[in-house]
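Two complexes come next, and they have one chain in common, subunit A, joined by subunit B in the first and subunit C in the second.
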Partner chain A sequence: MDIRTTTDGSTFQAHMSGRLSFSDHQAFRVLMQDIEKSKAKACVFDLSQLTSVDSSGLGMFIIAAEAAKSGNWHLTLKGATGQVNQLLYLAKFDKLLTLVG
Partner chain B sequence: MLLDAHPSDVSSAKLPSFKDCTIHADARVLIVDDSATMRGLIAWHLKSVGLTNLAFAQDGIAALAAAEAVTPDLVIADLAMPNMDGFELCRRLRADPRTADVPILIQTGSDQNEDRARSFEVGASDLIAKPIESREMIARVRVHLERRSLINHLQEYQRRMEAELTLARSMQHSLLPGPGIIGWLKRQLPIDIASTYAPSIDLGGDIWGLESLGHSRIRLYSADFTGHGVGAALNTFRLHTFLASGAAEAEDPAEWLAKINEFLCSILDVGQFATVFAAVVDLAAGDIAYSLAACPAPLLRTGSTAPFQLLSGAGYPVGITRAADYETVRAPFPPGSMLVLYSDALIETPDPPDAILSPERLGDCLSGVLSVDAAIETMLAPLRQPHVPPPTDDLTVVALSHRGAAQ
Partner chain C sequence: MADRTAVARLSPRGDVPPARLGTIADAAEMIRQRLRLDQAQSQALDGLVAEITSVSDLVETNVDDLSKRFRSISDLARAQAGTISHLIATMPDATNGNGDGRLPLEAITAEVGESFSDLVSKIVYLSSRGISTVHTLDDVILELKSMHRILADIDKINRQTNLLALNAKIEAARAGDAGAGFSVVADEVRQLAKTVDAMSAHLKEKVMSVSDGLDKSYTLLREIAALDLSEQNLRASAHINDMMQTIVSQHATFSDALNTSGTMTRRISDDIAGAIVAMQFQDRAKQRLADVAKAMTHISNSIETDSAELSQSLQTGQVIESTAVEEWIDRLLHSTTLEEIRHRLNVALRPGDTATTAATTAGDNNIELF
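Presenting the complex of A and B:
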């Protein structure tokens, strides 16, 4: 996975591309720290360029959701398509997280 | 052979002893030189820093015999020698798996550029300038012995880890239903079962199982824990132990999943979960009850001639939230019916979106398949093509069919 982040002070955006998988745990940990440091109240994961995700990748979204709850910020997953979108709905993540098109 | 350096010129006595550093003073060093004086001089320098486990050879042929006898940790060799020179010695040592990794230090004159380049080409690890300068030689010996020692440690560690992982894979495999239980169930009930399980090289989180519930009923499940490696594999043991304890006593698949979910929510770290398929097949009544927890869509053929249908449906993975609820779905399962389960490695090789198989394509492949064994072969065949990379995760496929009237 490649990741590019932007922040405007209130919203932190993480644009992910490629495949989000088991091997991205370290990159994801760094991302979580960056979000925390930014003090943003909202974070958007832009998944529109993410081509696939495995179950570890889905687990990372759950970790982010827990971090959002404890850090009092709001997480949105945006623009998932294809296999990523299918897995999010297969695992009912639409009931656990905020998904937008 | 020239002798330009004299022991009285060198200051090796000021160097720290090898006994003081991480290198074992008993490191074996093979000194190869046709000059007895040079062999003696090099030995004197090495002994002065505590290296006393030395072997000697006067040419390449004697060196090969000595290397076989003592398995050196380091070789110091001259180039120009009778019978077999230092270049050929290097080549031979590198060609022999027992000495392919041993550091070889070659003595060359600093103005002999051609010899220096050729030495590296034939496998020398490093050069020692002639005339020998004690501190430089000792420094190079130290570097290469340290490197050798680290590599030995790493190789030993890797060997141990590989042995541990092999054992762990075997133990994990033993959690799955073996020929004994499957044979017993096939004798008791009108079923056929075939399965394949290929653990990934670094362990994975797949497990499946089946048990008789009495009265011609059988429970079949498969689960896939997030991630790879030891953590995922250990979670399969946790689930197996929980199930073996009888703590998930529930006939209904949705209730059974809810009990597993409750258990896994209490023990798994955030971000870990399992996708699960759970079913109860009633062979006398000819029906199946199943519940889905985010698993890849199983395939069901109702009767022997119908096409395979995907049992697709959303469900919470188990172990994420206690608020998860599950739904039991019922379908006919008359004689001739077949149910096929698989882990996501089957439809994620290579990584999506380039995966060869999809649930829909699997359904097409299985059309008209006659037996559970043929079903598994048919599903795996596309992944066995030479250009397809091996799956990076555990691969499990299980097929169960209804053979006909109970025996």
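Presenting the complex of A and C:
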């Protein structure tokens, strides 16, 4: 997976592409630390370029949702398609955070 | 008069043409012959009465048997309709997990989907715990790495200490007897450095062992956390869904068929009940045949009486007064039980007698049905 991040102070954006899997756990940890440092009140994961995800990838989103809750910031997953989108709904992410098309 | 003509036609004595007789003896002979014929006719009538009674009994026995069988079929059809209704009522359901109620099949399908979704949620949650643990392990590995560095520093210091002790030993030897005590100290320092070296090696070994264990945990966590949720697995979920949908639709078809079958069985039961009612014709036929037999017996008896009287008259030479035709008809009519038979017989014997026709038509309701 490749991550490209942007921030405008209030919103932190992470554009993910490729396949999100277990091997990305360190990159994901760095991302979480970056979000924390940015002190942004909202974070958007752009998943439109993400082709597939496994259970550890979805587990990372759970960790992000928990971090958002404890850090009092808002998490949105945006633009997921195909298998990624199907899995997000199958695993009931719509009840955990904000999903937008 | 019309009734007179009828009487003349019915009376056997009215047919004899008197013009052909030669002597009284001839006439007597002819009458004797007729009397024998009358007897034969009377016996034939008795035989027919027996025949009618026998046929009536035969029909009764068989219709009774048929009625019983039909009633049994009707009972079975009703029971079958009940079974089908019960089947329809219970078929669309399955017990729920609590065992205290029933769930329609559509709900089961939804529940299977929901269970699958729950399962995926739990797997994902488990994966998230795995990733968190991996992050913690990463921190521990970092700590281990710094321990490695510290151990390397200790080794370095130890080497220097060893070298220092060696130099002290050399200097002590050069100083001669004056350095003898110092040489002992240098030996002890070297010994100390050796001990520290052994301890450091032992500690390194332990750190390596912990590191290996962490590596293994890391691999295990990867296996736990990284569950393949590829499209193939998703297709399996879709396949389960399709299967459940097929079961639901097949179930609906089956239910429809059972409903139709139930309706048909109920109609069969109704038709059979109708057939049983229709078979009551036998009772009606039996009563009518009984009346016919009675009338025929009456006619037979009447022929016998007449013959006996005529025979006696021929023997004694005395004139016996014949029964009046009207009276004979009345007696015949009264020998029957059913009004309808009496009425029809009356119409046949007294055509044009509207008074009796009207009087007898009214009472056609004395047929006993079972």
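What we mean here is this: the second predicted complex is superposed on the first by the 101 of 101 C-alpha atoms of A that agree within 3 Å, B and C clash if a C-alpha of one lies under 4 Å from a C-alpha of the other, contacts with A are read in each partner's own complex, and residues count from 1 in each chain.
Here is the rule we use: a residue touches a chain if its C-beta (ideal position, glycine included) is under 8 Å from a C-beta of that chain, and two chains touch if they have at least 3 such contacts.
Since this is a predicted model, take the numbers as computed values, not measurements.
Aligning the shared subunit A places subunit B and subunit C in steric conflict.
Contacts of A:63 after superposition on the shared chain: both subunit B and subunit C are touched. Looking at the shared chain after the overlay, A:91 reaches both subunit B and subunit C.
Touch criterion met: A:26 reaches subunit C, while subunit B stays clear of it. Once chain A of one complex is fitted onto chain A of the other, the partner contacts of A:7 are absent, as it touches neither subunit B nor subunit C.
In the superposed model, A:17 lies in contact with neither subunit B nor subunit C. Contact with subunit B, but none with subunit C, is seen for A:51 once the two complexes are overlaid on the shared chain. The contact surfaces that subunit B and subunit C form on subunit A in the two complexes overlap at residues 21-22, 52, 54-56, 58-60, 62-63, 66, 82-83, 87, 90-92. Those residues of subunit A that touch subunit C in the complex are listed here as 21-22, 25-26, 28-29, 52-56, 58-63, 66, 82-83, 86-87, 90-92.
In the complex of the two chains, the subunit A residues touching subunit B come out as 19, 21-22, 51-52, 54-56, 58-60, 62-63, 66, 82-83, 87, 89-92, 95-96. Residues 116-117, 120-121, 123-132, 134-135, 138, 222, 225-231, 234, 237 of subunit C are the ones that touch subunit A when the two sit in their complex. Within the complex formed with subunit A, the subunit B residues making contact are 224, 226-228, 270-273, 275, 294, 314-317, 320-321, 324, 344, 348, 351-353, 393.
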